[in-house]
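Submitted below is the structure of interest, expressed as structure tokens.
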Amino acid sequence: MKSTFPLFPESASALSGDVDALFLVWSLVSIFFTVLIAGLIIVLMSRYKRRHPEEVGADERAGVWLEVLWSAVPLAIMLAMFAWGTRVFFQLYRPPADAIEYTAIGKQWMWKIQHPEGQREINTLHMPVNQAIKMKLASEDVIHSFYIPAFRIKQDAVPGRYTSLWFKATKPGVYHLFCAEYCGTEHSRMIGSIIVMEQRDYESWMAGGTGGKSMVASGSDLFTSLACVTCHRATPGVTQRGPSLEGVYGSQVKLADGRTVVADDNYVRESILNPTAKVVAGFDPVMPTFAGQVSEEQLTQLIAYVRSLGPTGSATAGGTGAGTAAATAAATTPQTANPPAPQK
Amino acid sequence: MASSPLVNRYGHEHGEPVDHREHRHPAHQFDTMEQQKESSTLGMWLFLVTEIMFFGGLFTAYLVYRTMYPAAFAAASSTLNVPLGALNTAVLICSSLTMAMAIRSAQVNRRGGILVFLLLTMALGSTFLVVKGFEYHDKFVEHHVPGPSFNFVLESSHEIAATRAQDPLYQRHAEIFFSLYFIMTGIHATHMIIGLGILAVLLFYSGRGKFDSEYYNPLEMTGLYWHFVDIVWIFLFPLLYLLGAHTH
Amino acid sequence: MDTTAVARSPITTTPETAFERPNYLNSDFGWKSWLFTLDHKRIAILYLISVTAFFALGGTFAALIRLELLTPEGDLMGPDTYNRVFTMHGIIMVFFFLIPAIPAVLGNFLVPLMVGAKDLAMPRLNLASWYVYNLGGLFTLWAIVNGGVDTGWTFYTPFSTTYSNTYVVPTALGIFITGFSTIFTALNFIVTIHRMRAPGLSWFRLPLFIWSTYATSLIIMLGTPVIAITILLVAAEKVLHLGIFNPKLGGDPVLFEHMFWFYSHPAVYIMILPAMGVISELIAAFSRKKVFGYRVVAFASVAIAVLGFLVWGHHLFVAGESAYSATVFSVLSMLVAVPSAVKVFNWTATLYEGSISYQTPMLYALGFIGLFTIGGLTGVMVATLGIDPHVHDTYFIVAHFHYVMVGGTIMAYLGGLHYWWPKMTGRLYPTFLSKLSALLVFVGFNLTFFPQFILGYMGMPRRYWSYPPEFQVLNVLSSAGASVLGVGYLLPLFYFTWSMKYGKKSGDNPWGAVGLEWDTTSPPPTENFYTTPVVTHGPYEYNREEVHNRLTEEANFG
């Protein structure tokens, strides 16, 4: 598949062609100006070569219009390219509504990837072709960067917060996955493969895998075992120590100090790890932190569960197919049941 | 050296009889005393610009974290000793006054005044450091010095505060406050100590009668530095000490 | 050895006995006269020695990198060694060579000469800056000898503060200390340019090298303190286990990136602006013509210095910065490219109707324009939001900044050294060898770094010790080019040293150039000028009767 001396990377995502087009046009502009300058230098050098040792150059001719010209033309070109580049950028980082969310956690020196259905892979991602995938990134230690050259996309995984990127492969094949942010000894070994498969191949791969619980189901289990459920019960009309999480994800949350935040991944993460930071209006900051008790992976599962409680979660989870819907249903079951109060 | 008289940029001729004593000649690279004075003044102001950028980096870090962790910062701030901080503010403002008086004494040729006011400035500066030392000591005793023994217990019966104080991350956020507190006040104190060293040198030279109304540039430059260090404290005091005053 | 003088045309009217004239080199002897000198010219020579030593060390690390990358497997050294090697290469080249090179060597030597002063305003501070520079260097060398540091020159947290077990703190302190030397030099330049100009030397009669040095000094004064405090915070966090940048303790690693690049992006302009100043001087001197659009070029330097402070965020496009701030930083980054583009066009236009001589410094200058054009254009490419996510942290970036730093700054530094060498030493160097070195540097440079553009767009990340085999051919090409480049750099070291004793005497003004620095003898006397110069015209006015007469006289009697 790979030639021994390629000069241009494979292009295998829905947007990689757009990036290439931008790059190639910019390259042509650059070549034009480089050749222009080099050509002018060579022509002027030979035309005005010093003939007598006492010869001096002519007086400068006024050239205000020239200065204006060669300020304005580069500026105009750059602004045009800026506009185009920004358009491509926003496409690169705005996932479409039907994107399925996967999780990749960087750790010295590997990528731990989890499918929404629960499959886990290390340094490898099997994925279906023509399906938009949103990759949520986290890091357990230092800054890493998730980079797939064939998709022309990368994003840093920063410890302590979530970042994400998305891509839609257009061609089955095996592509490089690199860590692009220097992360220590084995940085150059923190590489892997993106294996893009036809939908039916992907399904049979999924069927053959060990599977495991889906993200949402695992999160639901954690929600119970960590005793979250004792305070964040979904029973309407009952006063609880913590707010119900039903329908919270993606909505505007009013805080005790009057601010309003959107309950996104980073907010839910912060509320688990640093509960007193942004307390919901009407509640006391009584929740203990779970920092140190939940791993990065468990955090992403908990968040997946909270998201599945909607309202936007149902839309996103819908893309994952029937399996997830069932998992969501299963996950909500322990909610309504009254579990025995776990160790406090 | 040259047959024609050397003309300097101010139109004076070199070798022109000038009724200056030995030290009134400008350094070799300058033509006149006023050029030398202008140069050192500009140099000092430029140096203060770099100082502003230096402290500016710290203030930026402070503002970012204060925005991120307002509650922890307010709580941690409330444990600082406001009366001692206010006392130190007053001490520093007075020392700026005595510094200015020392320069004034030079301008009006009162050499005794230079000595007295320099000594006063040094005494006030030292007072500041001693008070700061007591504050550091208190923080040390209270385990508020960041490091392995850091332990931030908020003296409060309030249930919320009690829960918060158990929160290990809350502790970490308070620790960031104290890290910044010690780094900012520590760097400020280092500037004070350097200033005291310079003042000691000036005191030595004033004792030998080096400064008078015609030559007091080193005094003036040190004065600029001293006022700058003073102004930094004027910013540090409210940011670090008075932050928690209204929340508890 | 070919001892033909570079200066084919003008002068050697200076009789041999004239060399006995007192100058700054023979005014005093012995090591004390050097180590305790307050003469800016001698301090420049001291800096030249230190900077060259660090360049050689940084170059050795570069050679090791290129050797390791000859094969896809990491077989020459282990990954930990490789990580230390590229880190030390970056730290030494950036902080101990590129930033001080032109200001501390050429600037120290030329600023007082070009403004017609006897010395810098604060000679003691100037000497102190050299000592402080070496002290900082010693810290860093100590760290290297003990095992080095492996964080990359960028010291990204939390890797540097929490995970790296190498000598981060001594290295950081070395950089912190060296920062003071840079600040001392910059402060000295600004005061000197403001207060010590010769009578008649108004701002618009200053050479463009002074303008760019002034702009550079402004950046140094405003930027360096910020990296100083950032480094101090990193060291404090490392030693005292604070949590300022450590996310596990509530800190914010991205804040570090912001603070780091707030200095380190303007630092790029600290490296390139003085180089632009040198090029303006060279183009004018070897075209014997006023730089086209003098005022525009002068203000372009200031514009770059100001705008350079507003673009640091383009290093964080994929670091989790919001898309909207990325947009703002992208457009600002394009704006800062305009003054650079304007300079390139003005230099090219200067050649028009000039009297162009193909001497070695001019070859370096023309090479600079070509390479800087490529470096600048690719810089605008990576500032384009749609392209950066793909090429960020790949060899495309590596190639881009080497085109600016190596193809730009080092070409200009070498060109400047070749131009002012007769001024500094009173000697000429071999023509053929010096032109050969210019050619080798140009060809070797392109061979080394052009393949890296392709590698980068192919997706090869930077700081990789081993790499997938399909990248090998381009890496081999790059390493081959590096060996040519290495020879190109060794040659001047060799013939400059040789020329100090055996080089032909140059006379006062071997190029027939105008400018205050050429109005005095070569090498200049300790006090620079026998009489304080009075300036009556702009810096590059060749078409004057006085210049005609002098050149004709030199041509006839030379």
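The first chain written gets the first letter, and so on, giving A, B and C; residue counts start at 1 in each chain.
Please note the rule applied: a contact is a pair of C-beta atoms (placed from the backbone, for glycine too) under 8 Å apart; a residue touches a chain by one contact, two chains touch by 3 or more.
Note that this is a predicted model, so its numbers are computed, not measured.
Colleague: Sort out for me whether A-B or A-C is joined by the greater number of C-beta contact pairs.
Modeller: Comparing A-C with A-B, the pair joined by more C-beta contacts is A-C.
Colleague: Compute per-chain Cα centres, compare each with the mean of all protein Cα atoms, and return the closest chain.
Modeller: C
Colleague: Could you work out which chain's C-alpha centre is the most distant one from the centre of subunit B?
Modeller: In terms of C-alpha centroids, the chain at the greatest distance from subunit B is A.
Colleague: Taking each chain's centre as the mean position of its Cα atoms, how many Å separate subunit A from subunit C?
Modeller: Each chain reduced to its C-alpha mean, subunit A and subunit C end up 38 Å apart.
Colleague: Subunit A to subunit B: how many Å between their CA centres?
Modeller: Going by mean C-alpha positions, subunit A sits 46 Å from subunit B.
Colleague: What are the residues of subunit A that contact at least two other chains?
Modeller: 274
Colleague: Mind pulling the residue numbers of subunit B that touch at least two other chains?
Modeller: Those would be 69, 169.
Colleague: Identify all positions of subunit C at which a residue touches two or more other chains, and write them in rising order.
Modeller: 250, 252
Colleague: Quick check on the complex: what are the subunit A residues that touch subunit B?
Modeller: That would be residues 257, 273-277, 284-286, 288-289, 291-292 of subunit A.
Colleague: Please give the residue numbers of subunit B that touch subunit C in the complex, ascending.
Modeller: 1-2, 4, 6-9, 27-31, 35, 38-39, 42-43, 46-47, 49-58, 60-61, 64-65, 68-69, 146-148, 169, 172-173, 175-176, 179-180, 183, 187
Colleague: Subunit B touches which residues of subunit C in the complex?
Modeller: Listed in rising order, the residues are 112, 117-123, 183, 187-188, 190-192, 194-199, 221-226, 228-230, 232-233, 236-237, 240-244, 249-252, 255, 259, 527, 530-532, 534.
Colleague: For the complex, which residues does subunit C have touching subunit A?
Modeller: Where subunit C meets subunit A, its residues are 8-10, 74, 79-80, 83, 150-152, 154, 156, 158-159, 162-164, 247-248, 250, 252-254, 287-290, 292-294, 296, 317-320, 323, 326-327, 330-331, 334-335, 337-338, 341-342, 344-346, 348-349, 351-358, 366, 369-370, 373-374, 377-378, 380-381, 384-390, 392-394, 454, 457-459, 461-470, 473, 512, 542-543, 547-548, 551-552, 554-555, 558.
Colleague: Under the definition above, what is the set of subunit B residues touching subunit A in their complex?
Modeller: Within the complex, subunit B contacts subunit A at residues 69-71, 159-160, 163-164, 166-170.
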